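What follows is a set of structures to go through.
Two complexes are shown next, each including chain A; its partner changes from chain B in the first to chain C in the second.
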Partner chain A sequence: MAATMDFEDVRDKLRKWREDKVRNSTETAELGEYLLANYRRKLGDEVWPLFEQVSIASLDCGKLSLARLCIHAVREQFPQSSRSKRLHGMLEEAEGDFESAKETYEEILKGDPANGLVMKRLVAIHKGKNDIPSAIKELNKYIASFMSDSEAWMELAELYIQEQDYSKAAFCFEELILYNPHHHLYHQRYAEILYTQGGIDNLEIARKYFAQAVKLNSNNIRALYGMLLCAYHIASSSKSTAKKKTENTKYASWAKVQLDYKYKQSEPKDEEVLGEMFDRLAITSGN
Partner chain B sequence: MATFCHLIVIAGILGLAHAAFSAAQHRSYIRLTEQEFTRLPADIVLECLLSLIVTCYGVITMAGKFKGIRAMAEFQTKSMDTVGNRPSFYSFAHRGFKKQPEEAKTKNDS
Partner chain C sequence: MAELLLDTNIRFWVVLPIVFITFFVGIIRHYVSLLLSSQKKVDLQKVSDGQVLMRSKLLRENGKYLPKRSFQMRKHYFNDEETGFFKTQNREPAMQNPMADPSMLTEMMKGNLTNILPMIVIGGWINWTFSGFVITKVPFPLTLRFKPMLQRGVELASLDASWVSSASWYFLNVFGLRSVYSLILGENNAADQTRLMQQQMAQPMAMAPDPAKAFKAEWETLEIVDHKWMLANVEDELIGNTPYPSDVYVKNKYQ
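For the complex of A and B:
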C-alpha cells in the first residue's frame, strides 16, 4: 500500500496524524517505516518528530525491533535530551521491564524536576502494571502541580470510571468543562457519566448537558441519542410528575425527529432499523 | 494589483508620513525661532487623525469578508476517538501486543 502512494501524500498524512494525535498505530508504523527507509534525506529536519511518532506507533503494535531502531537513531542524534531518554523509558515499559523504566524516568526527573511529561509516564507505568489506585494517587500528585492540564484531568476521569468512582469522574469532567466550555464532547461525556450514575435527578441534569452538546454541535448523534434516552427514562419513570412526563415525551419526540432527519440525510438505508428501535421504545410524536 | 483599497491604504500611509514630517519640521522651526513649544498646529493634528482613519478603513476593506468568531469551530469535526486520546499516558500493555509473539522471543534472545 505504501509503495503506491507518493512521498508528499504519505508525509502530509503522517504530519496530520501527528498533529491531531490520532492513534492508528499499525498504519503509522507501516507508512513511517516506508518513509524513513526510502526518503530520509528528503524529510530533512522532520525526520526526528517522525522517528518519535513511528517509535511510539511501533511500540503500540508490538514491533519492538522497529521501535529499537528508531529510538537508537534518536538517542544517537540527541544523547543528552530528556525527550530521547523518555522514549527509551517507553521502550523498557513496552518490553515489560517496569523497574528499569521507573529508574530511567526518575533519573530524568533528578536532572529536571519539573518535567511534566516524565511525571505522566510514571502514571502510565502504574497503568501498565494494572495498578489503577496507585496510578490515581500518582496522577493526583501531578495535577496538584499542573492544575490546568486538560489531558491529565481527562486521564484522571477515565481512571476513576475504570474504578467505577463516578462522582469523582464527574468532578474531573466538570473541571474540563470549566476550562473548555465550548467543547461539545466534554458536555456529552459528562452527561454520559451522570446517566450511568442513574436516578431521576441525575437523568434530568444529564438530559440538559446532552442538549447543550447538541446545541454546540448539531451533528453530535451520540448526544441526540443520549437526550432521547434520558427523556424517555424520565417520562416512563413512576417517580415523575405528570407535568414532567409530558415535557419529557416532547423532548424525546423532538430528539427522535432530529435523529430521523440526520439519518435520512446521510444513511438512508438505516431508516428502517431506526424506525424499529423507536417503535420498541414506544415513542410517539408530540401530543 | 493596485485596486481601490490598496490606493486608499497607500494614501493613508502617505498622509501619516506627511503629518509626521510636518510635525518634525514644525518643532525644528520653533526651536530655530526660539519660541516656546506648547502644542502642534491644528492642521497637522487633523491631518494625522484623518490619515489614521483612512488607513484603518483601507486595511479593513483590504482584509476581505470577516468570519464570525466561533469558539467551537475546530471541535465540530473531531470525534472522541481523537480528542479522547491522551498520548502522554499511552500504555503499551494491551492486547495488540499478542499479535507478534516473535518480538517477545527476540527480546529474550538479546
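For the complex of A and C:
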C-alpha cells in the first residue's frame, strides 16, 4: 500500500496523525518505515519527530528491530535530551529489561524532577511486571503532584478495579466526574461500581447516576439496564418501605418501556428474547 | 506651506536603506535571542500547586454532581482547620525582587541587551549618518511642538512640521515592520519590540501568584461553597413528562 502512495501524501498523513495524536500503530509503523527508508534526505528536519512517532508505533506493534533503529538514530543526534532518553527507556521496557529501564527513568527524573511523562513510565514498568499494588503506589505518588491529570485518575480507577478495591475506584471516578460532569460514561461507570459494591444505599445512589447517564445520552442502553436492575433490586428488597417500592417499580417499568422501544427500533426479532429475559427477572427478584 | 521638491537620490540612498537596515536588524535580533535563550527549569512544587488550585476550583464548580458525602470528604481534605491542605501547606513567598534573584536578573539583562540596546545604537547611528536633510513628508499636518523631535539636524524655523528626518523614518519602520516579522518569522517572534515595551509597562503586575496568598483565597472561596446535589430528583426529571419513549430527547448523532 505504501509504495503506491505519493511521498507528499504519506508525509502529510503522518504529520496530521502526529499533530492529532492519533495512535493507529500498524499503519504508522508501515508508512513511517517506507518514508524513512526511501526519503531520508527529502524530509530534512522533520525526520526527528517522525523518528519518535515511528519508534512509539513500532514498540506498540512489537517491531523491535525497527524501533531499535529509530531510537538509536535519535539518541545519536540528541544524546542529552530527556525525550530521547525516555524513548530508550521505552525500548528497554519492550525488550523486557525492566531494571535498566527503571534506571534510565530515574536518571532522567534526577535532572528534571517535574517530568510527568517519565513518572508515568515508571508506573507502566510496574504494570508490565504485572505488579499491580506497586503500580498503584507509584501512580498515587504521581497524582499527589499532578492532581488535575484526568488520564491518571482513569488509570488509577482501572488498577483499583483490577484489585477489586471498589471504594477507592469509586473515589477516582468521582474525580473524573468532577473534571467532566457532562460525560455520560463516567456517570454510568461510577454507578456500576456502586452497584457492584451493593447495599441499599449504594443501589439508590447508583440508580440516580444511571438516570443521569440516560439523561445525558438517551442512547445509553447499559445505563437503562442499570437503572432497571437497581430499581428492581430496591423494589424487591425486604428492607424498603412501601413508598420506595412503588417509586422503584415505577422507575423500573419506565426503564423497561424505554428498552423495549429501543430494541424494537434496532432489532425487531430480539423482542421475544427480551420479553423472556424480563419475565425471568421478575421471577427471581423475590428476595 | 511650501511644497519642497526633494532630490530623488534621497529616495534610493536613504529611504530604502533605512527600511532594509531595520528589517535585517530585526531578523538578526530574533535569531540572536533564540541562541541566547536558556531552557526554563520547571519547578515541581509550582506545577503541583497550580494543579491543586485547579482541582479545588473544579470541586467548587462541579461538586454538585457528586454525592454529598464525597463532596464533604474532599472539602474536608482541603479546608479542615487542623489537617486541611490549604491550612497546613506553607509556602515561601515568591521572590519578587529581581536584584536578589540571580536567574531572573540575567533573564532581564538578556532581554534588555537584545532589544533596547540595538534600537538605541542603530537609531543614533542613522541619525548621525543621515543628518542634515529631510526625508519625507507625513501625510497629516503636525503641530510645531513636533519639530525638534522629528527634525533633528535641520534647523529651519519656517519648515512645516510634516517634513521629517531620518530618525523618525527609522522609528516608523520599527513599528511598521512588526506585521512583516509575524508574516516571516511566525507569531511570538523576538524581533517584536513593541510587545516588549508593552510587557515592561505591565510589569508592576504580579509574576507568579504568591502561593500562600492563592491558597488563602482558595480556602475562603471553598469555605462558602454549599453542596446542592444536582441529582436529587433526576429520575423524576427524566421520567416526569415523558412516559412514552417517543418523547424522550434522542441525540441522532450516529444515525
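The criterion applied here is as follows: the second predicted complex is superposed on the first by the 195 of 287 C-alpha atoms of A that agree within 3 Å, B and C clash if a C-alpha of one lies under 4 Å from a C-alpha of the other, contacts with A are read in each partner's own complex, and residues count from 1 in each chain.
Assume contacts are C-beta pairs under 8 Å (C-beta built on N, C-alpha and C of every residue); 3 or more make two chains touch, one makes a residue touch a chain.
Worth saying up front: this structure is predicted, and the values here are computed from it rather than measured.
Looking at the shared chain after the overlay, A:Lys120 reaches chain B, while chain C stays out of its contact range. Contacts of A:Ile193 after superposition on the shared chain: neither chain B nor chain C is touched.
With both structures placed on the common chain, the touch criterion links A:Ala235 to neither chain B nor chain C. Legend: residue contacts after superposition of the two complexes on their common chain; A:Leu64 is shown touching chain B, with no touch to chain C. In the superposition on chain A, A:Val22 makes contact with chain B only, not with chain C.
In the superposed pair of complexes, A:Ala94 makes contact with chain B only, with no contact to chain C.
In the overlay built on the shared chain, the residue A:Val214 is in contact with chain C alone; chain B does not reach it. Within chain A, the residues touching chain B in one complex and chain C in the other are 217, 219. Looking at the complex, you find that chain B touches chain A at residues 71-72, 75-76, 78-93, 96-100, 103, 106-107. Looking at the complex, you find that chain C touches chain A at residues 42-44, 47-48, 51-52, 54-55, 58-59, 62-63, 65-67, 70, 231, 234-235, 237-239, 243-246, 248-251, 254. By the touch criterion given at the top, residues 20-23, 25, 56, 59-65, 90, 93-96, 117, 120-121, 123-124, 127-130, 151, 154-155, 158, 182-185, 188-189, 216-217, 219 of chain A touch chain B in their complex. Every residue of chain A that touches chain C in the complex is listed here, in rising order: 112-114, 144-149, 171, 174, 177-179, 181, 205, 207-209, 211-212, 214-215, 217-219, 227, 250-251, 254, 257-258, 260-262.
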